[in-house]
Amino acid sequence: MDISTKNPEEAPPPTPEPFAAAQQRTARGATRPGDRIFLGLSRGSGILLLVIMAAIAVFLTYRASLAISKDHANFLTTFEWNTNLLPPKFGIAVLAFGTVVSSIIAMVIAVPIAVAIALFTTHYAPRKLRGPVSYVIDLLAAVPSIVYGLWGALILVPHMVGLFGWLNDFFGWTGIFSWDEGAPRSMLTVGILLAIMILPIITNVSREVFRQAPQMIEEAALALGATRWEVIRMAVIPFGRSGVISASMLGLGRALGETMAVATVLSPDFIIHASLLNPGGGTFAQNIASKFSEATPDGRDALIASGLVLFVITLLVNGAARLIIARRAEYSGANA
Amino acid sequence: MKLQRMNRRALTLGALAVSGALALTACGSDDNGGTATGTSSSSANASSIKCDNAKGQLLADGSSAQKNAIDAWVKAFSQACGVQINYKGGGSGAGVTSFNQGQLAFAGSDSALKPEEVTASKQVCSGGQGIDLPMVGGPIALGYNVPGVDNLVLDAPTLAKIFDSKITKWNDAAIKKLNPSATLPDLKIQAFHRSDESGTTDNFTKYLIATTPDNWKYSGGKAWQGKGGQSAAGSAGVAAGVKQTSGAIGYFELSYVGDGVKAVSINTGAAAPVAPSTESATKDIAAAQVVGTGSDLTLKLDYKTKAEGAYPITLVTYEIVCDKGNKAATLPATKAFLTYIASEDGQKLLSTIDYAPIPDAIITKVRSTIAGLS
Amino acid sequence: MSNAVAAEKPTSTLQGATLPNWSPYAIAGGSIVLAVLIGLVGSLDSKIQWGLIAAILFVVGTYVIAARVEGSRQAKDRIATSLVWVAFLLAVVPLVSLLWTTISRGVKVLDVYFLSHSMGVVGDTEPGGGIYHAIIGSLEQVGLATLIGAPIGVLTAIYLVEYGSGALSKSVTFFVDVMTGIPSIVAGLFILSLMLMWDLGPSGFAGSCALAILMMPVVVRSTEEMLKLVPNELREASLALGIPKWRTILKVVLPTAIGGITTGIMLSVARIAGETAPVLLLVFGNPFINNDPFSGAQASLPLYIYQQFAQSAGSGAAYDRAWAASLTLIAFVMILNLVARGIARWKAPKTGR
């Protein structure tokens, strides 16, 4: 749990707000009752927010420590989740593996496509198409995750059979893409579904970044006879790189914590499979959702401990993303 | 009070939402009995149900094995008494856990309470403890989805090997030997098991352990232990998985068989293989013995039966209530509901929906126990 | 006409040979035809494979043809263009499929009866029943969550922008970021253990609390952005007239930013309306109508969809209900989104009076 204490250092420095600072004196000097009440109310809700966060963190850590002290196996390396055994044995190895693998698959698929769509809306699409395309992408973002889950389980899974057979035929020898013809409720399907779900957020942030790329440089490059691709490669992508990275991190944060879409599609077990195509594995969030109702109080603590690990991981990822955004804001500010 | 402008809009929105919801509450209806095309002969039963000032709503959770039976009972009971019974088939493990946290009026479970669970229940039942009342019997069918194969016959060792990923093809020699006349395809076997903790898993693996310990070397329990295969949550999830996957086999209650899913007949060593049915399961359950102490009526089933026409893989699912110290608010309704489902009418309903009634000798004990609940 | 123009171009010495304008369409058409042929001949039954083959053929075909006619630099440009188009189409396919399935299968049972009746005593696999109870549950839970979350979020944002510059505001800013990343299931866990501690049964209000936790950081973030957009001159002018700061905020700053703030709140409402995981743990689910969010089990739309899916046993009737409920939920979220966008456009921050 020493990881969590490191996090404050990861915090992006809040951007200075000139007017807030300038008005600080007047705020301090305020003696009118109206001002005091209003300040009290707004500060109170800020503090309330902190209290809630602190309560969640303290409570999760406390519960997790209870669970880990009762664990008769190594919490980090054990390949099973039997909290109802006497003594209980559980570990997060499979969950951590599954969470990371499904998110990596999602990123590998989503990031290039998202960047391409962002470029499409800023540089390629006919002007008339740009608005509708952005709208379509926002539409993807608005679909609730349970609907993705339903669609994934009933439509995507049956449609993956052909693709899986194909991957097995051509790449089965690698071991990663070997397939025993089970229903395709596997990590790869989960990864593809997650990719569709995180596509909008990466696209939207990247689009904003690309839109800000300095027009002058692009025009200069075009005037020198560069093709559109060369302009993008030399002027737009270098400018937007850090923005794309932070956008991807935000998407990764979402993929790591996704629950229902994984729970409906995946056929879970507690084994690390070399093949991405064979059903099995699990993720933190999916495991909590499917095991929670039947868990005894101790088992519940164990799930909370796994939730804490997920919490810390998403925290690190989101923190890193914010840090990159904050850095970028500084240097682009100098440019503009 | 000081937040006029800013919050006016938010408040308007909130008020709109709330008043909209309130306005909506006037026009909805719970009454859809007319459209339901259930199998229950509810109108005939309604007259014999004694409501005994039962009212309000009951929360219950547990075994998904008895979900279909409870659905049918609830339909008849709530039409007669107006009591709403909210039974969520979240699995036996979930039912027992929530019951021991005091969230439920009763729980459904396919496995009797373990000693430590009984101890935990004493905190919820002031002055008493949780007891197991056998209420629904039924065969655990092994449903399969193999194109072109009807009347599949398997025995315990073969089943154990299939579910432990030792037999992986449908045209395996061991299966061929049991089905000499069938044309078995060269298809991989997709064995489905439960991903949640389940009494059905517990009973199925108990059968394997009792009959073929050499091929099933696991300790048993509600959590699945076998190697390989695919998993799904709830009997409904396993049934849906089998239905959608060619070459699949899975275990669930008989009521989930049908619609493309066929049931395996078991070669028990009797003269002819036994198919799962209400009658064949009743025959096996008739041999069950009460092993619970006091008001607890835990049964011990005979998995090794070789009797003609007795289906060996059965389960008896229990309702779990407090013998003393049930919550006063829910006690009348709980008692009335349990009295109904243990009654002759309630038990008669079972055989029409693929479950097996509890033998007379045992159900009379159940009835007297229910009468003494407090 | 344009073909003729394109054909004339190569005569100029300043410009190399170029493909005619219609060539991308021709190559796209050709690769689709070829992919269908390959699919039919190779008897590939998955349409996904057909699409992938067509996409690969399109990209490769574009490159080969462009490289022969126009040279490698132009070919690279063409390949980038074709890749971008392929990526766009790849993203559209799942969306179209999702919307098409939801609408075509959802309308089967979606009617007035479905919207005005609960599941009542209808069994899992039987046809019939409706989502009225789930709609009530969702509206009440989301409404309560908004009543809790929105004021706290907006006030916190006011504190951060208008008052804060000390250690407190820094830590609030940091923890708001942290809170944005809370997986929804963890928020559910937190409320559930509070419930168990105080021995409370499941209720809609418990769900609201978890949803409010998820909503607050989103509201804070969007409100903060909107307040920062309000020009400082407005504040200074108001303060210079001797108006107290709280009145300045209420009468000048907030009205200027109200459009953006409302949009932010509505978008966050749209987000929590689709949350399943915390609701799954907290409200229990209920096939009957329960109008009281403060006591007793309630249903909610996302939870209803999940239950219809999970307990269906593959029954078509249950899947139809799940799709119809999905359609209702998507429609609700879309309407909220559209209205929010409308308000944002209509009430875009004014820069002066």
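Worth a mention:
When the chains are written out, they are named A, B and C in that same order, and each has its own residue count from 1.
The working rule: contacts are C-beta pairs under 8 Å (C-beta built on N, C-alpha and C of every residue); 3 or more make two chains touch, one makes a residue touch a chain.
Note that the structure is a prediction, hence the values are computed from the model and not measured.
Set side by side, A-B and A-C show the greater C-beta contact count at A-C. Farthest chain from chain C, judged by C-alpha centroids: B. Computed centre separation for the pair chain A/chain B is 38 angstrom, with centres defined by C-alpha atoms.
Centre-to-centre spacing of chain A and chain C amounts to 15 Å, using the average Cα coordinate of each chain. Shared interface positions of chain A, i.e. residues touching 2 or more other chains, are given as 34, 37-38, 41, 293, 297.
The set of chain C residues touching two or more other chains comprises 151, 155, 158, 196, 246, 250, 310.
Each of the following residues of chain B touches two or more other chains: 2-3, 61, 101, 233, 244. Of all the residues in chain B, the ones that touch chain A in their complex are 2-3, 61, 90-94, 97-98, 100-101, 116, 120, 168, 188, 190, 195-197, 221-223, 230-233, 241, 244-245, 247-248. For chain C in complex with chain A, the residues that touch the partner chain are 44-49, 52, 73-74, 76-77, 79-81, 83-88, 90-92, 94-95, 97-99, 101-102, 151-153, 155-156, 158-165, 168-187, 189-190, 193, 196, 213, 216, 220, 228, 232, 235, 239, 244-247, 249-250, 270, 273-277, 280-281, 302, 305-306, 309-310, 319, 322-323, 326, 329-330, 333-334, 337. Across the complex, chain B is touched by residues 113, 116-130, 132-133, 135-136, 139-140, 142-143, 146-147, 150-151, 154-155, 158, 196, 199, 201-202, 246, 250-251, 254-255, 258, 261-262, 265-266, 284-291, 296-297, 307, 310-315 of chain C.
Within the complex formed with chain C, the residues of chain B that make contact are 2-7, 9-10, 13-14, 17-18, 20-22, 24-25, 27-33, 35-38, 57, 59, 61, 64, 67-68, 71-72, 74-75, 78-79, 84, 86, 88-89, 101-103, 233-237, 239-240, 243-244, 256, 259. Those residues of chain A that touch chain B in the shared complex are 34, 37-38, 41, 82, 84-86, 158, 180-183, 185, 267-269, 279-280, 290-291, 293-297.
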